[in-house]
Amino acid sequence: MIRAAIVGASGYTGGELLRLLLAHPQVEVTQITSETYAGQYAYFVHPNLRGHTELRFTRLADGSTGPSGRDCEALAPCDLLFLALPHGHAMERIEDLAALAERIVDLSADFRLREAADYARWYGREHPAPEWLTRFVYGLPELYRDQLVGARYASGTGCNAAVTLLALWPLYRRGLVREAVVEVKVGSSEGGHRPSPASHHPERAGVVRSYAPTGHRHLAELIQELNLDPQQPGLHFSVTSVGIVRGALATCHCLLHEELDEREAWRIYREDYGAEPFVRLVRAKRGIHRYPEPKILSGANYCDIGFVADPGQRRLVVIAAIDNLMKGAAGNAVQTMNVMYGWPETLGLEFPGLHPI
Amino acid sequence: MIRAAIVGASGYTGGELLRLLLAHPQVEVTQITSETYAGQYAYFVHPNLRGHTELRFTRLADGSTGPSGRDCEALAPCDLLFLALPHGHAMERIEDLAALAERIVDLSADFRLREAADYARWYGREHPAPEWLTRFVYGLPELYRDQLVGARYASGTGCNAAVTLLALWPLYRRGLVREAVVEVKVGSSEGGHRPSPASHHPERAGVVRSYAPTGHRHLAELIQELNLDPQQPGLHFSVTSVGIVRGALATCHCLLHEELDEREAWRIYREDYGAEPFVRLVRAKRGIHRYPEPKILSGANYCDIGFVADPGQRRLVVIAAIDNLMKGAAGNAVQTMNVMYGWPETLGLEFPGLHPI
Amino acid sequence: MIRAAIVGASGYTGGELLRLLLAHPQVEVTQITSETYAGQYAYFVHPNLRGHTELRFTRLADGSTGPSGRDCEALAPCDLLFLALPHGHAMERIEDLAALAERIVDLSADFRLREAADYARWYGREHPAPEWLTRFVYGLPELYRDQLVGARYASGTGCNAAVTLLALWPLYRRGLVREAVVEVKVGSSEGGHRPSPASHHPERAGVVRSYAPTGHRHLAELIQELNLDPQQPGLHFSVTSVGIVRGALATCHCLLHEELDEREAWRIYREDYGAEPFVRLVRAKRGIHRYPEPKILSGANYCDIGFVADPGQRRLVVIAAIDNLMKGAAGNAVQTMNVMYGWPETLGLEFPGLHPI
Amino acid sequence: MIRAAIVGASGYTGGELLRLLLAHPQVEVTQITSETYAGQYAYFVHPNLRGHTELRFTRLADGSTGPSGRDCEALAPCDLLFLALPHGHAMERIEDLAALAERIVDLSADFRLREAADYARWYGREHPAPEWLTRFVYGLPELYRDQLVGARYASGTGCNAAVTLLALWPLYRRGLVREAVVEVKVGSSEGGHRPSPASHHPERAGVVRSYAPTGHRHLAELIQELNLDPQQPGLHFSVTSVGIVRGALATCHCLLHEELDEREAWRIYREDYGAEPFVRLVRAKRGIHRYPEPKILSGANYCDIGFVADPGQRRLVVIAAIDNLMKGAAGNAVQTMNVMYGWPETLGLEFPGLHPI
């Protein structure tokens, strides 16, 4: 049993993490922080948790009075800190945070990239603590399980990066791909919990809206993890918003050096993922659910992967689905914690998703 | 051909009005105002109108430079002003506005209630121009057609009030109702175009959310128009938000003094609405579309009405559907204009709605 | 640890039940039946369960070859049978089924009503096994907990009846209600898993559609459980379909004999439900989530209840929300089983729901 | 004024066509056929048209009694036949149909492909009337306007083919594209009006579902119209279903021979489409609506096109949106008719779409 706190717990990722940790048999949640909601009950912003916790938000930095007129304790030392702050906040205070806990799992983008220069290029700012970048392990257990065991610091992954990486990894590590086009379709929860004109329901409902046809930041992670040429990655990455709240579907059109039939593709993916607890290989020849789809993954930590070959065209279409708040963020962070501490990897992550929904 | 301007044209009601007026054979739209978007093209906020107009927003009050750095003309005199400002704005400057045009159709709540005291009660403020209240005709042509012919000033109606009024009018004017419970289910466009935490897509998508179980302001219009006792109206009025953008469905449970069979109800409604161009009586005994529903009314100016009796229970359930931006706002305003000017009432309002959608 | 089977496990209720039982620490699922899918893996129709079970559907009655050409075992004896067949099937073979297991929980309507004559009235057919009606306990633990402890046979509840009963029970049992109008808004999963013209996505998406303005069958359960006059129940009950898949919201307009202020209402509901594990009383004065709503209940077994008084009108609007497949069906059946066997009532039902979703 | 009939008018395409033709100033709709609904009013299946027409469906072939017990006239001669039958029906009886009217616009796939062999390959059957294939002009006015003027026979286009063709045509006809990956996101109305397990609302709502990752039939039209190598088209075409009813968005990742900057791309598209009444070039640098999206096109006949270059990657992402029932089917058919008869091309197609919706 460890004591853990969530820094930045009022956002969607923080709320999902709180939900998971409250039910985790090895974790006691000691504190949750929010500057905006300091003093409020967690269930004021995460209404599903009503009756599951009486925790209130505290401030991160000091013990002054919160907006509700109630005293707020400052963040106290504990065993493990989960950081779910907006991008750019954790990097500013990593020294202070690291002083509070032996281990950290950071869900922001602040420690995902190993090269400081990449922050200037992709996030438009210098990284203030570049010496920390190599202390963090890229927190995708399927690729970094060995390094995560016993690790003190782990980053999260970009949700769109995670689903794409898991889809492409078996092909890229074998050098099979000549060029690829990846289209990720995403829900509105990816944009976080702050209202904006683009997230206003009348504007956002029912959209099929190009969000980032080019230049999406998660490409930086793909370049890093797939060892691509940063200038000519040959991986074309686009994100389109659709009318769901949770979920992401990556359709990865892999243009291959050689023809690859489905039987061989199946063998490759089974070799890499056959023992993975959170990767399911999906293909049915009949029925409605022939390919992965995010609809059935709400609340589940799976990355479902399927594929279909285009005979004679040297194209394999790899399709992968996740719940962006789970395998794309909070669920993956809990899985990472489980690996770090040597617990069963599926602990607290057994929920299978709902159908229909 | 008249010259008309829309004051407050960047909101949803203003945009719908602009769409209708651009296609209206008797109207030239001379100006559209918006303080926020002064200098911008109309299609920047109303993207469906791209290619249909090159109008830019001007400021209401003066000709100073807009945010885009472009000179904006102030509002100039014309024949007819449509006011689509947020509640409380038109009443503050009605004298100035009336000096600009011979006729005004105001879509806000500012001139719907005839008693100044009702503004204090329902809108929480004194009305600054009470002498104007009786100059405005309540702009629901089905009830006030005769008074609207040739009128100079007409108000709009609350969208939820309009759909409920049309549903209940034939029963109330005959004194048949003992007590009634009205549940209106509404879409997100009723809330206007300003983002808020409640309108944030992840929070608003797929809701069935009690918005105003009691105390909804549109009840004031129902009390006025149905001549109810203001203290004990016996009309219980609730509004629930559902996950659509456009549309409102009023389910009106009328508890009657006497049993009323459907044949007689049919006769009554046909007597009152048989000649109405924008009220359709709907009842099919088979098929999917047995009752009115807003789904098929997007863009149409109809109020569809149907009903079913509960034999032996002295209850008639009256069901009415509208597009809240059309018959609930802009479409009804154009219909009102048509009546005021003596034009064919359906002019510019012929669109039948889409199916499926 | 008991051995349980699900009869009729390919529908939505059966699938939800299977999901819950697979994770229940006291239950081993021995068999699942489906005539249509005999021989198929459970996850072919319940894709969320891929990786969670290798169970295949068997036929109910005999061991002949299934459609997939694979031998199917017939249903074997076990400790507990869950019946999730379409209405009218269980009553036909209750003797045979009861011979297979000591205990039965039936989720259909076949044993909910105690009077055989009510089946003729509300379901249009004679009940073929009326002697069984009084052997079944109405399976709503909040009302029948004592009778359910150790019971052999329990019915389920109508989903719309359950949410309405829990909302109204504290008021009716105290004789406070003069007359009530209940509007239940429901999702498409209530209609079951068989496609129809009305459930076709282009026709069903985004509807606000009157489904049963009068005469809904669940009223029979309300009359029975609230002890109303069958001829003049004074409870007007309507169901409207909205565009969600899961969830039901009951808006109950209670017209009271006397004024009841919110403080007193709060006391009454707390008295009745303060110790209930699956009833949450909800009211916040601020924020988005001031009233119950089904959006946050997907997968959770709660019935959330809130209310608001209309001062001076002797009206209390009681608002209650459930996930129709959980507290309205499968979750409630598991809760009922827990009570029957004397296990902790929340066993296997700890999931709090998701937000946002 | 011509007399036109719609053969197969009970489907979604037929219904949309009927809506448009009823409002078209040059057309009188004389008959509409449906075998399933013979004798029923059009508004029984197209409820938006209630009050707009009293037409009833007749049978195509004979005058026998319809299901409603009412006599049905058979299809009579007229000036123009619109065929909106399921694929494979028109080709079987084209001689009979052509005997009834001087001109035909066929919205099915039956006469889109010029090579009879392509029907065997893509549609799995021999074409029974191959001599008719070259009599039909491919009905996309933007590409075939000159041939359509005065033509007697025109086909429709596949909806996904149309949106993709319009997006790619300027680049392909200039030989700029090395290889392309096209992802079309589509709504449920593309699947037609017949219910199926996949179209059942609980299964279809909120999906992001791979429908045809490879092998979509509309690729045949793209190969034909873009003059691609049938064996190695180098155009990878996938279709994904999303949770909307109307609309299609094509995201076309064009991998180019040479770098193409946006200024030059803009010039090319403006050159080709600057005078087109139904192609709008969309790009805003700010705001929500920076790229085309189907959300604002419901009921409008536009194909909106935008693009963004990926500097240094020789990739141009072309984004195109349509309403699949309008520019993808019925609207395009009316536009084609207008061209055939020499009427103003926009006649009856002036509706700009709705926002918000």
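Letters A, B, C and D mark the chains as written, and numbering starts fresh at 1 in each.
Simple rule for what comes next: contacts are C-beta pairs under 8 Å (C-beta built on N, C-alpha and C of every residue); 3 or more make two chains touch, one makes a residue touch a chain.
Computed from a predicted structure; not experimentally measured.
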Contacting subunit B as well as subunit C are chains A, D
Work out the mean Cα position per chain and let me know which chain is farthest from subunit B. A
Please tell me whether C-D or B-D has the greater number of C-beta pairs in contact. B-D
Would you kindly tell me how far, in whole Å, the mean C-alpha position of subunit D lies from that of subunit B? 35
Centroid distance [mean C-alpha coordinates] between subunit D and subunit C, Å: 45
Could you say which residues in subunit A touch two or more other chains, in rising order? 12, 189, 193, 197, 202, 205-206, 243-245, 287, 356-357
Mind pulling up the subunit A residues that touch subunit B in the complex? 12, 187-189, 191, 193-197, 199-202, 204-206, 243-245
As the complex stands, subunit C meets subunit B at residues 179, 181, 183, 185, 197-198, 202-203, 205-210, 213-215, 231-232, 236, 238, 240, 242-244, 247, 249, 251, 253, 255, 287-288, 290-295, 306, 308-310, 312-313, 315, 317, 319, 321, 356-357
List of subunit C residues in touch with subunit A within their complex: 12, 15-16, 19, 22-23, 44-52, 189, 193, 245-246, 280, 282, 284, 287, 289, 296-300, 302, 304, 350-357
